[in-house]
Structure formats: structure tokens, C-alpha cells
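One chain, chain A, links the two complexes that follow: it is found with chain B in the first and with chain C in the second.
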Partner chain A sequence: MRLAGTLRALPVMLRVGFADAVAYRAELLVWVLSTTMPLIMLALWSAVARDGPLGRFGQAEFTAYFLATFIVRQVTGSWISWQMNYEIRRGTLSMRLLRPVHPLVAYGVESLGVLPLRVVVSLPVAAIVLAVVGSGMLPRGPGMWALCGAALAGSWLLTFLVSFGIGSLAFYLESSVKVMEVWLALFFVFSGYLVPIELFPPALRTVADALPFRYQIGLPVELLTSAHGWPEALALVGRQWLFVAGAAGAALLVWNGGLKRFAAFGG
Partner chain B sequence: MISVRDLCKHYRVHRRPPGLRAAARSIFRRPHVTVRAVDGVSFEVSPGERVGFLGPNGAGKTTTLKVLSGLLHPTSGEVRVAGHEPRRRDEAFLKQITLVMGQKQQLLWDLPPAETFELNRAIYGVGRDDFRRTMDELGDFLELGDLPFKPTRQLSLGERMKCELAAALVHRPRVLFLDEPTIGLDVSMQAAVRSFVKRYNEHSGATIVLTSHYMHDVAALCPRVVVIDRGRLSYDGGLEALVRRMRPERRLVLHLERPVDRVDLEKLGKVVALERAEAVLQVHQEVLQSTVSRALATLPVRDLTVENAPLEEVMSELFSRSRADLAAAEQAP
Partner chain C sequence: MMRYVRLFGVQLRASTLTLLQYRLDFATEGVLEVFWAITALIPLLVIFGERSSVAGWSFGEALLVTGWFTLLQAILEGAINPSLASVVDHIRTGTLDFVLLKPADAQFLVSTARFQPWRATNVLTAAVVFGFAFHELGRAPSPWGVGAALLLLGSSTLLLYSLWILSVSAAFYVVKVDNLTHLFSSIFDAARWPSSVFRGLLAYLFTFVIPLALMTTYPALALLGKLSPLALVAALAGSVTFALVSRLVWLRALGKYTSASS
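Moving on to the complex of A and B:
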């Protein structure tokens, strides 16, 4: 579908995606409860920091870090690889392929359709951050806020494209779920989701810097909690977008190759 | 409108016997076999034609339909639909076709069908006025009533199929691929779907390619049939001609005033069925007229009709003949 056509269809696609996301109220509640890992880590690390700060992290810093992690995870998460795995295996991807809109766009819009709901869940958490730690740790100036926006956008794109690429592996592997589980295991360790990257031993930190996981969660959280000055922040966001470009190329390569192998079984 | 030349679609399939040992062995070694789902099929379909694609389960009908609609990449051969190469899935191509599968759905499960209609309107770039006109027309043809506003998951199978058809036609495609659209529907809903498809074809001039295991669908909708078995074409032509070729005999259905002896009936032709005062005779076309006269003269006939052999029987015979021909060809030196 040409870009103009896609843009014209976008508002309806987003609205329908949102309507689909809020179809089940009970499921919604369970979903909110299932994304509270950063809050558990907050309780854990706050207890550790009670005896004294770890690096620059005292109790207030941990509170800001993990509540920001909660928010970033909410607004940048994408879980389409499971859906793609199911649709490719069961052949229901066929219905998506018949429409004149690239499935990458369709899956992307479906992921974004849930965003308003996640923002609503995140707002009270953001209010708590402000109430507990004040505005002292927030980014200063519109430039830094814009960089935070770019990092959040990059984080969502990177997470979505990785999910799309791994989902597309179902064309080759019959099931890509285990690959996603391996990715998630590495993500939990190296993204800063459970432990701030700053607290890693130097060698492990070098490894984390070179991997994409940090740019999915750690970087936007660090920027939102003013952990970096301008030059470093710019370099890190630049590196994040390089990962985004790489992930886009790899995801489309896997998708295009896989589509030729699609057997559309089950119908 | 559709042109297919030497189409082949082969799959590589992992084959594994049942049992623990086979399961363990499959971790290290996976034997594969090549399945020739479609093997050198050629045919043409003109604009506005209604063609029935027939064959037993696993014959390659659905695979062919999926290649024609761009879902599958052919292994070899040439395919053109509405001037496009389907496997490229160009926007212009996708806007001219639709595929309705009786066993798959495009309707959003948790939302009312009206949401899918609106989504398709936006994706296919249909103007609001055109959309309203099309939906009014489809609502009329399909007697949708307030079905589009109930959640899809709460619709019956037949109601859902009506909405599936409406969703698939929002963009007024020029080519409709229908893969078993009446599967699982009750008799009256099957009739409703058949009548809609025929009306739509006559009204819009759209080309229709249909697969179905229900011979009523084929008889009601398709003047021409393409029969495929084990991936190969075994017949392409008129349905009437196929029936005449396979079964040159006609069926004489006699409703009698009172039961008669089988011997009296056998003098007229082969007795296919005899139950109380109703008999079915099979007679050759050339002697049909004289047999009818003799029946009227010698039997207490209350009513008499002449029919073709049931399509199910014709198809079953065609499939078994083509399989026998294939087996013979494979054994030939």
C-alpha cells in the first residue's frame, strides 16, 4: 500500500486496534497485574539501599528508576511475535496477506492501538514518581525532553521490530516461541529491567553496551532520570537508532524470505 | 481474467512414523518427502465466468486457489490474474480480488462485523459514499439486518458467513475466490449463500472461482467445472457435458399408483431403486423417449420425471477413474 493510502487508513486502523484491545475488561486487569515486575524490583532494591547507596542509587533514585522502567515497559512493549507464530503455524496469516497493507504496518498499528490504555495505566505511576522524588531527576529543558521522546520512539520500534523478526522465524522453524523466550531471558539480564546497567561490573557493562537490549529499556529510563549529559545522551540515542535500522533490515529480510516458504496450512 | 500455465506447487513435508523411538530418532534425522500438491495444471477463466473447482480432499484445489490469490508462491509455472502476477501481491492486484474461506475468518472476533467493514473501507481506500452504497446493497442481498452490530463471537456460523461475504466485498472485487463457502451451514443458509453469489455475479459481472464438496453449490452456480485430482487436471468443461460423458444414461423416476413387480420394471431398463410405489430406472439417452412411452403404456404411472444421474455419483466415478488412469500411467514402462 502506498504511503499516502496507509496514512489515510491509519486513524481507523488505530481506532479499531484500540477497540479490540479493550474488548475484555477482566483480561485487561490481569494484564496490568502481570507487568508489575519493576515494582517488585523496586521493593527489593529499596531494601538493599536502606543501609546505604549503591553507586549513585539511593532509595529515591531506585524509586525513580524502577517506576520509570515500569512506564517505559508499558509504552514500548510489543508482544506480536506470539501472535505471528500462531498465525503462521495455523495459516490464519492468509487473511492478513490478502489486504493491501503491509503486515508490518498492520501488526505495528495493532501494537500501537493498545498504547492509550497503557498510557492511562502509566499516568498514576508517573504521578507517584513526581510525588515521591520530586521533579529534580526529570530531564531539564525541551531539548532533553525531545531526546527522551526520540529514545522512547526508538525503544518501541526496536522492541517491535525484534518481535516482528522473531515472529517471522516461524516461517522457517515451525515455531519461534522458544527463540523469543531466549531473547526475553537475555533482555531481562541486559536491558536494565531488573538491575540498572550502571550497577553492572565494568566487563558486563561493556557487553551490555554492545547489545541491543539496553536500548529497549535502559536508555530511555536513564534519560528520563537524567543519568546522562547532552553529548553522551546524543551518542547513545544515535547508537539506539542504528540498532533500529539494523533491526528493520533484518526483520524485513527474514519476513521476505519466509513469505516464500509460507504454506498457508489449515484451510 | 485468469490464466494458469503448467502450474506446479510442491511442498517438502517432514514424515515421521508414530511412537517413542520415531520421536527420538526425529531429533537427529528428519526424512522429508516432496508432496506434489499441484502438478502441471493449466486453464483459463474469462471475465464474468463462474467456475467450480472440484476434486476430492487433498486434490490441490485450495492450494491452487491460494496461488491464484497470491498467498502461495508457485514452485513453477505462469499465473496471471486480472493482469497481475499474484505472488507479487501488488496493491492494484489485492484491490481487485478477494478470497473467502469457509474455514477461516477475517472478521475481528471480539468486535461487531461493522468494525471489520469500516477497517476494510479504510484499508482499501473506499470513499464513504461508495461504502454506504455498497453496504446498503450487500445488506439487502444478504439480508444482514442488525447482524453487523452484534459481536462476531455471538453470531451463528451462518450469520458469520453472511458477514464474512460482506466484509470480503466492501471493495467490490472483480475476482472472487470462494473456498468452500457453505461448509458447515444448514440447508437454508447454503441456499441463501448460493443465491447471493449468483446474484452478485449477475449484478456486478465479477469472475467467480468456487470450490465446494457440496454438489448442490456446483450445480446451482457453475456452468463450467475444472476437476483436479492429485494435483492434475482431469476435466475442464461444461458441467452438463461432464455428466453426459460420465453417465450417458438418464434416470426415469416413476411414481406409481400401486407397487409393481421388479420383473416388469427390468423390461424397461436397469432398476436403480425400487421402494413401494416409487421406482428409479436407468436408461440410455437414445431409448429414453420410447422407454417413457412404454412405461406410460404398461405401468400404472401417476407421475414421471426424467433426471440426470446425481452429481455426487458422477464425481465419485470421475475421481475413481482418474485415479485408476493415474495408477496405470505410473505402472506403465
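Moving on to the complex of A and C:
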């Protein structure tokens, strides 16, 4: 019953999410413009490549890698932990709890509603990559594309679930914004956002492989730029989805435990 | 003049007292700031593990630029950002009235309204980075280099502040600019590398339009003793001009202010 109801509400919720994104399009544009880090990193690594390639990375590879990073960050980013902190502190979360849809689904659908706009923003960047680098680095064959899709979906889910879990920590702490900041800092270092994982020294690479961060950005980017053969790609996407499952379990655990402590303010 | 110095002291004390109410915040924020500064060094460590120079800069030299970046970021986020972010709020809600009524210059009052000294922990991080850089270079900076660098520190701070005043002035026209502050920090992120990393249009943009090169690369060059006296004078003159222009723009924008309540 509850599942059927949720399914019936989905299209409307998606439309609401989309309308919301359109209403705040100027704000979205500023957020997009402020994603400068991949471009700043691209400038640095291009300067490195001018003196000769590093590993398999030449000028073209770096351009493809960091512009793909920009795109993946655009379509998989999540901000709900900030929103949840706000809603839990203000007590407005109670409005969500009254609805017959699980807040996890509601938050998820709201975030999905923004995706079309973010894809639109990413298209010119994708066009630039193709114009500058050509299509030689793109994945070959429908199978590889499907795997890319799975990796992108996995990285969206992983980022969303982690954000949801850390947002739920606000039930226990007064504010979990700082926890999110620690996560972000680690994410910057270990996800391949600043440095392609391949270029890490071996010891650091092993660490990055075992942490969840590289499955948020690095993996889809690597697959989109054909960095891996089939067996390796499959193993990595498999590991990514294990992290997704783990994050889902942990996030729900934190949410369920925290909800019991929730006392809506001013209710 | 004396009055403004005293006023500055009062404003600083008020922020410090507010801050002391949140001591735990002070510690955790401080630690986080240092942590972020360290993540900024990771790409350099990886690159110089493989190469001895990038865009004409050795490891020690590039570290100097990053040190300046860390230092200026500490100044930006500790002393410039907090005050001016609250101006945007004042403009939107109309409470700027109360500032304008006070018998002192409005730009001075809003610029000194709030400080966040925990951001200043990164001044220490910057000092460590400088130490490391000169250890790497194997020599100390010349007294003339240090003097020039200190002058440039003043002019860089002035530049940052002026750029900020320009962005805030935009708030009088478009009101919703709290995002702009974020955008501004994102653009400033580009100052972490030596300016010769950038090519073409970006190199031009970052020297003349948004003078990031003047802020971090020039002081680093000064410390290395590679900055010509002519460039030093040009940088100082440029930043003073920038400050004057921003003052004029601020005054014009202030004329546009129509309180929110009326």
C-alpha cells in the first residue's frame, strides 16, 4: 500500500522538484560557476603536461579527465545534508514526517528533479571536450556505456546516501555541518577530484582504493575516459555498489535511531 | 583619524567577546581550517614527486606561492568575508539604516563589523609552509625581498578588500548576492598556483581584471628576489588605484540604497 502510494506520487514529486530548480535557476547557475576547482586543477596539470606526458596523461588526457570531473560533479553532487541540518534545527522536518512518503525518498526525488538542469549546464562542457579532444577516449560499445551508466548511478546514490546519513547525524549533534566538511576535505583528496588516482604513489593508491571517495567521482570519470579494461571496470563498479549498499544501511540506521530523538521545535 | 583607530579597537574587541562564547567552535574550526590548507598541498606533493619544475617554478618556489595563498585566504576569510557578508544581509533586510545613522563612515563600520579569528589559524599554517619552502630552497630571503614582500602583503590585502567592496556594491543593485561571496572564494582559489601556469585569456584575466597574479605570485617573486622594482611600483600603484575605484563605486552604490521598510 505504502509502496504503491509512493510510486503514484513519484511523477508529481519529480515535477515539483524540477519546478523548484527552475524557480531558483539563477542560484543554480552561480553554484555551477563556482565549481571552479576542476578547471583550476586542469590549468595546473596542463602546465605539467607541457613538459611532457605524466604516465598515460598528456595534455588531451588531462583535459578530458578534468572536464569529465566537472560534469560528474555537476550531475552527482548532493547538498541535502545542509538542508537536513536546517530542517532538523528549525523543526520544519515535522512537515516531511507528516507526509505518507519516506523522507529518504522525498529528498531523493527532490534532488533528482534538479538533474535535468544540471545536465543542460553540463552539455556545453561535454561539447567542448569532444571538440578539443575528439571522441577517441570515449567508452567503446554499448556494454561499456551501460557500465558507465551504472557507475554514474552508483556515484549519485553513494553521494546522496552519505549526505543523507551525515544530515541525519544532526539528530545527535547540534549541527553536523562540520562532519560534512571533514568528509568533503577527505573527498577532495581521495576522490580523484584534485589528482587522478592513477598518479598517486602506490601506497596512497591502495588507501584511495579502499576508501569510498574515489567511487563518488574518480570511477565514473575513469570509465568515461576509458581508463580501464573490462575485468577491472566490472570489479570496480561491483565494489562501488557494495559501498552504495553499505552507505544505504548505515544512513538508514542513523536516520531511524535519530528520528526517535527528534522533538520538533515550536510544534 | 585617531577616532577611527579607537573605533577599530572597539569593533575588534566586540567580535572577540562574541567569539569567546563559542570556544569549542574556535578549536574545531581552527583544526578544520588547517586540514583544508593541507589538502591544498597534496597536488603539489604529487607533481613534484615526479617533476623538478612546473611552468618554470621549482618545488620550493611553488610552495611560496601556496604559502601566500594560504595567508591571504586566512585574511580573506577571517577579516574580510565575515563583515562584508553581513552587509549583504543588512541591505536585504533594510537594517543598513542603523549603520548609516551612526556618526562614522559607513564603509569603515561595515568593513570592521565582524572578525572570525579562528580562520587566522591558517596564518600559522602559512608560516610553516614558508619555513618549509625556504628549507627546500636551501637559503633565506634577502632583507630587501622581505621588505618588498611585506609591502605587497599590504597591497594584496587592499586588492582583496577592494574586490570585495566591488562585489558587495553589486548587492545594492541585485540584492540576492550571498551566493556571490561563494563565487568570489571559488575564483580566488585560482591564486594558489604560480600565475605562469595559466595561459592565454586566463593569464590576461588574472593579471589585469581580477589581479590574482599580483596577490600571490608577485609577493612570492619578491621573496625570491626576482621581482623588478618597476613591477613592485606598478603593483602598488595598481592596488591603490583599484582601492580608489572601489571606494567611488561604493559611494555611488550607497546612493542607490532605498531602505527595505519604506
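We take it that the second predicted complex is superposed on the first by the 263 of 267 C-alpha atoms of A that agree within 3 Å, B and C clash if a C-alpha of one lies under 4 Å from a C-alpha of the other, contacts with A are read in each partner's own complex, and residues count from 1 in each chain.
Methods note: contacts are C-beta pairs under 8 Å (C-beta built on N, C-alpha and C of every residue); 3 or more make two chains touch, one makes a residue touch a chain.
Fair warning: this is a prediction, and the values are worked out from it, not measured in the lab.
Enquirer: After the alignment on chain A, I want to confirm one thing: do chain B and chain C clash, or do they fit together?
Expert: fit
Enquirer: Classify the contacts of A:91 with the two partner chains as first (chain B alone), second (chain C alone), both, or neither.
Expert: first
Enquirer: Let me test your reading of the model: by the given contact rule, A:13 touches which partner, first (chain B), second (chain C), both or neither?
Expert: first
Enquirer: What is the contact status of A:101 with respect to chain B (first) and chain C (second): first, second, both, or neither?
Expert: The answer is first: A:101 touches chain B but not chain C.
Enquirer: Given the touch rule stated above, what does A:41 touch, chain B (first), chain C (second), both, or neither?
Expert: second
Enquirer: Measure off the angle at the C-alpha centre of chain A toward the C-alpha centres of chain B and chain C in the combined model, and quote it in steps of 10°.
Expert: It is 90 degrees after superposition, to the nearest 10.
Enquirer: Looking at A:202, would you say it contacts chain B, chain C, both, or neither? Reply first, second, both or neither.
Expert: Neither partner.
Enquirer: Just chain B (first), just chain C (second), both, or neither: which does A:24 touch?
Expert: After superposition on chain A, A:24 lies in contact with chain B alone.
Enquirer: Between chain B and chain C, once the two complexes are placed on the common chain, what is the minimum CA to CA distance in Å?
Expert: Minimum over all C-alpha pairs of chain B and chain C: 5 Å.
Enquirer: What residues of chain A sit close enough to touch chain B in their complex?
Expert: Going by the criterion above, the answer is residues 1-2, 5, 8-9, 11-13, 16, 19-20, 23-24, 91-92, 94-95, 97-101, 259-260, 262-264, 266-267.
Enquirer: So in the complex, the part of chain A that touches chain C is made up of which residues?
Expert: 26-27, 30-31, 33-37, 40-41, 43-48, 50-51, 54, 178, 181-182, 185, 188-189, 194-195, 199-201
Enquirer: Across the complex, what residues on chain C touch chain A?
Expert: Touch list, chain C to chain A: 28-29, 32, 35-36, 39, 42-43, 46-47, 49-51, 53-55, 176, 179-180, 182-183, 185-187, 189-190, 192-193, 196-199, 202.
Enquirer: For a test of understanding, state which residues of chain B touch chain A in their complex under the given definition.
Expert: It is residues 11, 62, 66, 69-73, 89, 91, 94-95, 97-99, 101, 103-106, 108, 110-111, 115, 118-125, 179 of chain B that touch chain A.
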